[in-house]
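Attaching a single structure in C-alpha cells format; questions to follow.
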Amino acid sequence: MAVDIETVVRVARLARLTVPEGDLETLAGELSNIIGWIEQLDEVDTDGVEPLASVADIKLRWRADEVTDGGIPDKVTSNAPDPQNGMFSVPKVVE
Amino acid sequence: MTLIQGRTGDWEVVIGLEVHAQVTSKSKLFSGASTEFGAEPNTQVSLVDAAMPGMLPVINEKAVEQAVRTGLGLNAQINLKSIFDRKNYFYPDLPQGYQISQYLDPVVGKGEIEIDLEDGSTRTVGITRLHLEQDAGKSIHDQDPRKTLVDLNRSGVALMEIVSEPDIRSAEEAGAYVEKIRSILRYLGTCDGNMQEGSMRADVNVSVRKPGDDFGTRAEIKNVNSIRFIRQAIDYEVRRQIELIEDGGEVDQETRLFDPDRAETRSMRSKEEAHDYRYFPDPDLLPLELEQSWVDAIRETLPELPDQKKHRFVDDYGLSVIDAGTLVAERKIAEFFEAVAEGRDAKVAANWVMGELFGALNRTDTDIATSPVSAAQLGQLIDFISDGTVSNRLAKNVFEIMFETSDDPKKIVEQRGMKQVTDAGAIEAAVDEAIAAGAAQVDQYKGGNVKVLGWFVGQVMKATQGKANPQAVNEMLRKKLDG
Amino acid sequence: MTSASDLRDLTIAEARDELAAGNVSARELTEAHLAAIEVARDLNVFITETPDRALADADASDARRAAGEALGPLDGIPLAIKDLFCTDGVQTTAASHILEGFVPPYESTVTENLRNAGTVMLGKTNLDEFAMGSSNETSYFGKVENPWQREGDNRPLVPGGSSGGSASAVSGRLCLGATGTDTGGSIRQPAAFCGIVGMKPTYGRCSRWGIVAFASSLDQAGPMTRTVRDAAILLGGMAGFDPKDSTSAEMVAPDFEARLEGGVRGLRIGIPAEYAVDGMNPEIAALWDRGKAWLTDAGAELVDISLPHTKYALPAYYIIAPAEASSNLARYDGVRYGHREDGEDLTSLYEETRASGFGQEVRRRILIGTYALSSGYYDAYYLKAQKVRALIARDFHNAFEDCDVILTPTTPGAAFAMGEKSDDPIAMYLNDVLTVPASLAGLPAISVPGGLSSEGLPLGLHLIGKAFDEQTLFRAAQALEYAAGFDSRPHRG
C-alpha cells in the first residue's frame, strides 16, 4: 500500500484535519488507490523538461507603492466567530 | 580566533544569522494597506491581508526595488528571475495558512560585507541570500487570561530576510554583523533599522565544536530584537551547549526563545513538532523577472556605503580604522563630520565630533539630525581655535554654550568677552605685574629652574581670566626674564 | 410574447431585443423566473435565492431604460450566479459547511462586471463543495437534480459538476444564463449533462479576484447559456483585464459576438487520435463522427493531429489541483470567518473545525495534495506532474501549428444517476478525462449540445481553441450548433 496508516496520520496532522481512528484504514486504502493510479505518470519521460507552474504567458505586473486599502476594520472582522476588542481570538497559545 | 574554554578544552562557536528587515515602503508587499507603525488593531488590513476567500496578491514595485537595492549594497548577486513560493503552516497570525516567501530561487544570491571589531580589525562575513517575504500578524497573549488575540496590521508587510553564512565566531562578531547590516540598510534607505518597533529582528543559529571538527548541531533562537539581546542570547546558548555536551548530552536541533528578563534561552513548546512547510511556487503569482538595465539604473543611485566611506576616511583623512568606523556607522554622522572637516584638519574635526559632540548628544539623548550645533558652527569654532581667537580650553566652554543655545560661536565669544587676549600691550602689563610680584620666582628662574615659568603663566592667566593667548604669554615672559 | 413560460424560453439575445423594443420589462422577465424558481425548489438548484435583490436590480434596469440610459446587451437580463463568486452582502458558501453564513463585504470582479452591465441576480447556485466534484453530490447543501431524465426512468440524475446548479438552472429555464467556473471541466461537463452551452475562456481572460479559489493555476470563470450566441454575449459581460489579479491578461476583451456568423469554411479542425480511447462509448464515438461531418459539410477541413500525452493529463491534474487546493483551503481555519468548532486548545480548534467543516471529498483532496507536497514526495509527484503539464501544453502548441480548433466529445458518457459513481473516486474523476487537458494548457474550450443518447439524454461536443482566440472558437461552435439543431427540452423546465 503506497499510503500506510502512519502516513495518513502524519499528513492529516499537517493539514489540521482530525481523522477518526476507525476511518484510518479505509482512508489509507482510498489514498493508496488514488496515488497508485497517479503513479502512471512514472511512464512519462520528463528528463530535461521545465515544470510548468503557470500557463499565463505574461510578466508579473507590479503595483505602485501607494496606500489604497485598509481602514476597514469592521469589514475585516465582520465575519469573525469570536472577535475581541477589534481583534480575532483563539484559545490561548503558549509559546 | 575567539575560543571558549570548557572543562574538556577549547570550543569554537559557530553562528549564522537570519536578519528580518522591514522594507521601507508605504504599502504592503502584496496589498495596498499602509505599513505605518502603531495603528489601532486591524485598521491597516486589506481583505487580502486578512486572507478573505478569493483575495489575490499583487506585488509592490517598491518592495522589489528595495530588495535589489539592498542586494547591491551587500555586494551580492542579483537574480534576474526569482520565484515566490508558499510556505505552508498553521498559526493564528498567519491568515492565509501560508507565508508567501522565496525558497529555492531568491531575488538576491551570494554577497559579502565587512564587519568592524572593537580591536580595530575587520572580518568578512558571507551573505548566503536575501529574499522577500510577508510578515505575519501579531499574536497578543497578555490581554485575556484564556485567549490569544490577533491583530493583522503587520500581516503582509514586506520583509527582507538576509541570511548570513555560518561565518560568525563570537557574540561580539554577531553584534558587529547586525550593526553593519543595519548601517548599510539605513544608508540605502531600504529599512529604518528600528529594532524597538520590530523593523529589524534576527534569528540566531548557534552551534559549538572543537576546533577543526565538523559543524555541531545548531539551535535557532527566534526573533531576537536588540543587538544587546543577540549577544546575551549567544553567550547563554554557547555556555548551555558546551555544558550539555561536556556532561555527555547532545544538543537538540530545535527552535528556542530568548527571555530578556532572565537573559536565557528556552525551548519553544508551541513549535516543537517537526516542520514540513510543503513549499511550492505560488500559483497566484508569476516569476519575478527583472531587466538588467533596471538593476544597473538602481546601482547608479547607490550612495557611498559605510565600508567604502570608512576606507576613504582612513586613506584621505588619515583617520584610524576605529575612528573611521565610528564616524561612518551612521550616514548622517559621516556627512556631519565631512562638513566639519572640509578645509580643516580632519583629525581635529574627528576629535571634536566624536568627543564633545557625541558626549553632548549622548548626555541629552539627542540625534545627530536634531543636533543644536550645526556642522558649520562646529567648523567655525575649530577655526577660532586655529586662528587663536579662543584657546583650546575656552573652546570647550564655548561649545557647551553653543550646544545649549544653538548660537554661533562668534556671537558667544563676542557677547561673553571670551575672546582670547592677543593684544601685546595688555599681555605685557599682566606679565610685568607677575614679574614684579614674584621676585623669588624670578631668582629661581635665573638660577636655572625653567619649570617655574608655569607659575608666571598661571599668574598671567588668572589676571586675564584665562583669555590671554598662552603662546603670546610664554613668548613675552621668556623675552622679559631672559632679557 | 406575454406568457411567463415564453419569457423563460427567450435566449439572452432575444430578451435583449425584446427589452430594447419595449415589448417586455426586466421586472416581467425577473418575476417569471422567480416564480419558476419557487416551483422548482425540489431540484435544489439554489443555495441562496435573492428575490428582493433581483426585483430591485430589475426595477433599476427598467428605470435606466426608461431614461434612455440602458447599459448594453445584458441590461435587465436575469442570471444565476454560482455560489463560488463572492457577492457583497449576500452569503457565499462554496457549498461548504465551513463557509456557511459567510457574508463577503466585497464583490468578485466578474460579478461586479455583470452588475455594471445591468444584469439581475436571481440567486447563488449550488455546486460541488469548493468546486470539487463532477456530479454535484458533494455539496453540504444537498445534491442538485438534473432537469433531464432517462426515457421511461424517473430516477433522479446528476447535473454534472461542479457548476451543476448553474447548468440545471439554465437547462430548467430558471434563468437566462448563469456563471460557472471551470478547473478541470466544471463548466463543460455539466453543460453537456444538461444539454446547454458551457464555455471556459482562456486562463487569464476572466479575473479570479473574489472567486473562492480551488486550484489557482487552473480556475477560470465562464458563461453557461442555452445558445452559443448567448455564451458570447455573457462572456463579454464577465471578461476583461483586472489589475487585482496578477494572472489576468492585460488585454481588452473583443466583441465575442461580432464574428459569430463567420462560418467555418476553410477552418482546419484538429481531430486528436489519442481521444479515440479503447472502449470509448459507441454512442459518444458516433456523436463525435456526426460533429466531424457537420463541420466538414459546413466547409471546414479535418486534420489528424496528435496530442501524445493526453493519457497523463488526468493523473497530472489529480496531483496539481489537490496540491494547490490543500494550500488554498488552509485559510479556512475557524479564526477569521466561517464555521468554527471550539476546541480546548488551538490545535483542536483547527482540527475539529476543519474536520467537521469540510466534506469527505474535500478532505480527501486536501490529504492527497498535502501528501504530494510533503517532504520526500514533492519531486516524485508535484514536480513530476508539473513537468507532464508542460508536455501537455507543448502537445497543444504543436497541434495548433496544423489546425485552428480541436474537436472532441465533452464527456465519456451521458448524465448518470445519483449515487451511481460516488463510491469510487477514480471512476468519478474519469468524467473529466476529455476536458482536463485543455484546462492544464489554459486553453479556451466550449461544450455544445450535439444530440441525445439512446436513453434520451443530452450529449456534448467539445471544441478547444488557441489561447485568447475565443472568437474562432465561438465561430466554430456556432456552426456546430446550427448543424446539430439541438432543440430537445428537459422533462423539467
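For clarity, chains are labelled A, B and C in written order, and residue numbers in each chain start from 1.
Assume contacts are C-beta pairs under 8 Å (C-beta built on N, C-alpha and C of every residue); 3 or more make two chains touch, one makes a residue touch a chain.
On a predicted model such as this, the values are computed, not experimentally measured, just so you know.
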item: Remotest chain, subunit A as reference, centres from CA atoms; value: B
item: Between B-C and A-C, the pair with more C-beta contacts; value: A-C
item: Interchain centroid distance [CA atoms averaged], subunit A/subunit B, Å; value: 41
item: Subunit A-subunit C separation of Cα centroids, rounded to whole Å; value: 24
item: Length of the line joining the C-alpha centres of subunit B and subunit C, rounded to whole Å; value: 58
item: Junction residues of subunit B, two or more chains touched; value: 47, 50, 58-59, 90, 92, 148, 150, 276, 278, 283, 285-286
item: Shared-contact residues (touching 2 or more other chains) in subunit A; value: 14, 16, 53-54, 56, 58, 60-61, 63, 72, 75-77, 82, 88, 90-91, 93
item: For subunit C, residues contacting two or more additional chains; value: 102, 105-106, 217, 243, 246-247, 326, 330, 333, 335-337, 346, 350, 370, 374
item: Subunit A partner contacts - residues on subunit B that touch it in the complex; value: 25-27, 31-34, 40-50, 58-64, 83, 90, 92, 139-141, 143-152, 257, 268-271, 273, 276, 278, 281, 283, 285-289
item: Subunit B residues within the subunit C interface of the complex; value: 47, 50-59, 86, 88, 90, 92, 95-98, 148, 150, 276, 278-280, 283-286
item: Footprint of subunit C on subunit A - complex, ascending; value: 3, 7-8, 10-12, 14-19, 27, 30-31, 33-35, 37-44, 46, 49-58, 60-61, 63, 72, 75-82, 88, 90-91, 93
item: Residue ranges of subunit C in contact with subunit A within the complex; value: 101-103, 105-106, 203-204, 217, 243, 246-247, 249-250, 309, 311-312, 315-316, 318-319, 326, 330, 333-338, 340, 342-347, 349-352, 354-355, 358, 363-364, 366-368, 370-371, 374, 381, 383-391, 393, 425-426, 440-442, 467
item: Residues on subunit A engaged by subunit B in the complex (per definition of touch); value: 13-14, 16, 53-54, 56, 58-73, 75-77, 82, 84-95
